[in-house]
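Remarks on the structure that follows.
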Amino acid sequence: FGLAGCSKVSDSQSASSSNGGVTTINFVLESNDKPYAYADENGNPAGFDLDVLKAIDDKLDNYSFKYQVQDYDTALVGIKQGKYDALIGAFFETPARAEEYQLSTPYNYYFMNLIVPENSSINSLEDLNGKSVAPIVPTDGRYVAIENWLQRHPDVKIDVPTVSNQETFQNMINEVHDGTYDAVYLSKEQYDGVKDALGYSMKVTDVVDGAGTVILYNKDNGTDLKNDVDTQISALINDGTFSDLSNKWFGQDNYAIAKNLGLLS
Amino acid sequence: MESPMQIVSKVLPGIIAHIPQTLLYWFLPSVLALFFGALLCWARVSNRHRPLYWICTVVISFFRGTPGIVQIYIVFFGLPKLIWAIGYDVSDWTAGVYFVIATTLNLSCFMAETLRGGYLALDRGQVEAGLSIGFSRVQNFVHVIAPQTLKVALLNIKNLEIDVLKDTSVAYTIGAVEIMGYANRMISLRSGLGQLWILGTAAVIYFIMCTVLEVAFNLATRRISRFEGVSR
Amino acid sequence: MAELSAAGGTKPTESTVVSVQGLKKSFGKTEVLKDVSFDVSQGQVLSILGPSGSGKTTMLRCINALERPDSGVISVDGISLDYGQGKPRFRDVLRQRRHTAMVFQHYNLFKNKTVLHNVTEGLTVVQRKKSEEADAIARDALEAVGMTGFEDRYPSHLSGGQQQRVSIARALALNPSVILFDEPTSALDPERVNEVLKTMKDIAARGVTMIVVTHEIRFARAVSDTVIFMDCGRIVEHGAPQQVIDHPQTERLQEFLNSLAAHEFE
Amino acid sequence: MAELSAAGGTKPTESTVVSVQGLKKSFGKTEVLKDVSFDVSQGQVLSILGPSGSGKTTMLRCINALERPDSGVISVDGISLDYGQGKPRFRDVLRQRRHTAMVFQHYNLFKNKTVLHNVTEGLTVVQRKKSEEADAIARDALEAVGMTGFEDRYPSHLSGGQQQRVSIARALALNPSVILFDEPTSALDPERVNEVLKTMKDIAARGVTMIVVTHEIRFARAVSDTVIFMDCGRIVEHGAPQQVIDHPQTERLQEFLNSLAAHEFE
Amino acid sequence: MNLDVDFMISDMPTVVAALPSTLILSLDSMLWALVFALICGGAQLARVPVLDKVTLVINTFIKGIPLVVQLLFCYYAVPYVVKWFDGLMHRTYDPQHLPYFGAAVLALALNFGAYITDVVISSTRAIDRGQWESAYACGMTRFQALRRVVAPQIVVISLPNMTNYFIWLLKGTSLASIVNVVEMLTTARLSAADGYQFLEAYIDAAIIYWIVCAFIEWLSGRIYHSAGSYLLPPNASTA
């Protein structure tokens, strides 16, 4: 807790500041979304997203990235208010978001699996027709993804109850295990994080859906940064750097899977 | 699978290490709010300047009437811009500063009304006795009004303080990490595993602090109202 | 002792300590004081007689600026407040007040302070006396009213008469130019009344000016230099006690004084 | 009027309404009442004299069970509470209390009720009278003390004497067997004193028993059937007024009464 | 600040629609909180043996634990409790529709009841002993003295603090989202999920909260002026 002092304003109020041609960019990472972006035990940023940003920063000589973690709502409000320049943390793209923020091209892909009881015959979202998934908070990316998928498949009707408070993964899985709901709509990595603590095992389906995740920029910033970063994202995906990171964090190559699903060309 | 004991022993040192932070986020607003609350209360009860009365009434109404999170956001995002507008850059202030400012503003308004409750119970004759022996307003306040108002208000002030202590747990929403922030961080690091146990550990720590506060205030109440009981 | 002051409305003489001119005060629609004027010279004892509800307390409270008159000029020891000009500044009120002390009809002791501290409070806080000095003064004052031995009690643990005596001691200890007494012996037995009135007489002899609201007509006659008889918010008679009490001019006062005789119930 | 009761300690006679036996009360280490006993017969007026702090108020409060004596037996109208047996049941206390009414030294008017409601409250709530009936009784009682016209005021807007009169009216209106008066005329001017004392006399003539703590020695002599002189928590003298006041036996009382003469200050 | 005013306007109806649930939740909780506070406060003031100590300990306990934790506890406890009562009173266990509203009311009522207990106690103690005594001297029972004389004065003295806690409770209902009770603040937050206009949505909610609170404050002022008229000068000025 330090009141570091208030220096007289130099040039602009934007969170970024330039010094000898190198522009400092304040990146904020979501604090609560392991393994994508989270705070480690000491409160420092960590996760796949951080490694992605570091890889990009290495390539960009005229920018220097600074990182901090922040709570979900606060980070989003902070970007809009110009307190931070950019936000990363497994955010999906929606038309409404595209209006409120500048969005990067997808730097990663997020895949959904269904977690179902071992004896279940459910293997895909189509199999869930007329059935239910464990409740999801509307602010969760999974909600965006499943609603998106349902729009693309108007003939499939799945009950997606919403709640106002996100339960732990463990609880959601418990609720499916005891039959309250039919499936948990979750990524395999997230399931893997808790599976040892369950005391029983569940079936994880193959990937049922996926979507790209993007970086959110303050809308009032120029497009230079976005363009420069986008260029590097493509380059780093193509040269396999991101695939290495993906293997390191998720034990799989998200980019290869995305190519298979047709999400990435 | 980890046993609850293992989980608790893993997070306990970290939680304890964050106690000073929590206490700081509690102590600063408490002390400041006592001062500002008294000022607001004075403006309301003295009813001396109509404009001042109305300004204070609106301020109290605003900070009591709007959700804390909105106040925190307004301070966290709005204040730096305001200060920037008058020519200072405070972008390097830590989140804790904003949290303390927002809490102080909010608590002051509740405090003002609690103090007003005590003041209403005050016998006019006591105030007049003070004035008649030549006390200035400040002297009368310090020697007559404050002690007797506090006597009635103390129980309620205690409760405000206890609540502020517990509400420090909101600080993590803007990144000021104390006990609750740390607990949340651990929960998310562990993908929600053992959430109940971690929260429970934090709750026990809060409980101990609150109980200490409660007991201390109860002793103070007894001492401050000793002039009432039958002498024994 | 000091000479009699002229009747109300005249110019204050040089030795005038308290001067009240054209005092008016209403509570809501009730006019409580209707154009009251009088002067008191230094070292004088002024007694105010009058039936219950005639405005005596209100007048004392106005002199101590606890009540804001609707109009009128009140000056104490040369510090003058003109209430016709609107609300006076608190600083001036304070300056004026510091020349007076008041014994309240309801005593108004500080509930949260012991007897001793009730008396020392004004000495240490307002007059900035050292605490030993204040203690000594307070003990003297308490002795004068027979309250030695009760120094450490809280007011709620005192009998009515004891509270009244502490309240008198508190005013005496301040040693101001003017003391305002509101029925200072109402709760006292004849013995104590004597003692307290003697103490008051001693203090008056030291040149302290006193305004005493009282129902003890014999005290008024024996001790005071001037007597005012009030009724319905007006001064009905005003003059030397020999004149006012022994030769009342108005029927109202005659009636009032006659009731003293009827006191014998037979 | 009723015959004199025998001095303290004897068996209550048949017409005894209030009987106090072996009353003891301490506040902390201070013994305030040290073995006080006396009886009062129906329709009698008992006056209690005594210096400030001698325990008069405490005794009245014990009779009204507002203070719990350490020991002693108090009976009122045949309802007897033995404090030696520990804390009496509230039900019994209440039953006893409903035969008495009390005029407090500090008036204790209900702050949140108007003058009229202060008086009607006991009538409607305790005696379950209809509100019109209660109003009529209250207005009569208020008239008896000269408080007509103040019915709708709150106590804080009354002068001291006015509050005292309302408090008297409140007790009178209840029309109990016993009324306890604690210095009922302390804040009143001689005129009002006369009026109130006359009212009290009238009520006594109606057979209401009264215990009056007073500093008005002439009233005690003129109106009461028995006089008690207390000092330091003991009854020092007890008897008919002619005996106690005109022929005091003890030095203490002689001294006390002498101060009345000294009252003349000359 | 950068605010999406269009969104604020278009989102307002959604937020307002959630106001009734917030109001019902707060009124319900306040009612039970008062009942709880009167019982605890009464026990402690009257020094009812055992009960006074028990309520003191319970209250200290409740106040010592963050409301969030109490709500979470209820959240986890509800399914068990409901399963326990399965079949009783014509209720069947439906895990998808658990009675979380009752749990929220319970948690809020206990939590605020513990605080309001102290309001009751402190304002009762602030009443001059003479007021009780003169009521007793008139022959009133304890209850009559309380109802006719003391309680009306307590109401006046406790008004600022009661208003404090009611307002606090009103806003505190937002935590009920933890047990999936839909109320205004969370409704506002969720309605902003698509475009992340959280601040805007929060401000919408804040405006409505503020209006409601202003109404409560106005009401409290009215009560003060009628119940507390004895404290006010008869339209007079005092220096």
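Side notes on the structure shown:
Think of it as A, B, C, D and E in the order they're written, each chain with its own count starting at 1.
Please note the rule applied: contacts are C-beta pairs under 8 Å (C-beta built on N, C-alpha and C of every residue); 3 or more make two chains touch, one makes a residue touch a chain.
For reference, the UniProt names are B, E = ABC transporter permease; C, D = Amino acid ABC transporter ATP-binding protein.
None of these values were measured; they are calculated from a predicted model.
Taking each chain's centre as the mean of its CA atoms, C is the chain most distant from chain E. When chain C is laid over chain D using CA atoms, the rotation angle comes to 180 degrees (nearest 5). Comparing mean CA positions across the assembly, the chain most remote from chain D is A.
For the pairs A-E and B-E, the count of C-beta pairs in contact is higher at B-E.
Computed from the mean C-alpha positions, the centre of chain C lies at a distance of 30 Å from the centre of chain D.
Centroids of chain B and chain C (each the mean of its C-alpha atoms) stand 46 Å apart.
The mean-CA centres of chain C and chain E are about 51 angstrom from one another, to the nearest whole unit. Mean C-alpha positions place chain A and chain B at a centre distance of 37 Å. Counting partner chains per residue, chain A has residues 73, 77, 81 touching two or more of them. Multi-chain contact residues of chain E (touching two or more other chains) are listed as 1, 128, 156, 199, 231, 233-234. Among the residues of chain D, those touching two or more other chains are numbered 27, 106, 156-157. Only residues 61-62, 64-70, 73-74, 77-78, 81, 110, 113-114, 116-118, 120-121, 123, 152-156, 158-159, 162-163, 166, 169, 180, 196, 199-200, 202-203, 206-208, 210-211, 214, 225, 228 of chain B touch chain E when the two sit together in their complex. Against chain D, in their complex, chain C makes its touches with residues 27, 49-53, 56-58, 105-106, 157-162, 165, 183, 186-194, 197, 201, 215, 217-219, 222-223, 255-257, 259-260, 262-266. Put simply, chain A touches chain E in their complex at residues 73, 76-77, 80-82, 94, 96-97, 99-101, 132, 137-139, 143-144, 161-165, 175, 178, 180-181, 220.
Across the complex, chain B is touched by residues 61, 64-66, 90, 94, 97-98, 100-102, 104, 106, 108-113, 121-122, 125-126, 153-157, 170-171, 174 of chain C. Here chain E touches chain A in the complex through residues 1-2, 4, 75, 95-96, 177-182, 186, 189-190, 193-199, going by the rule given at the top.
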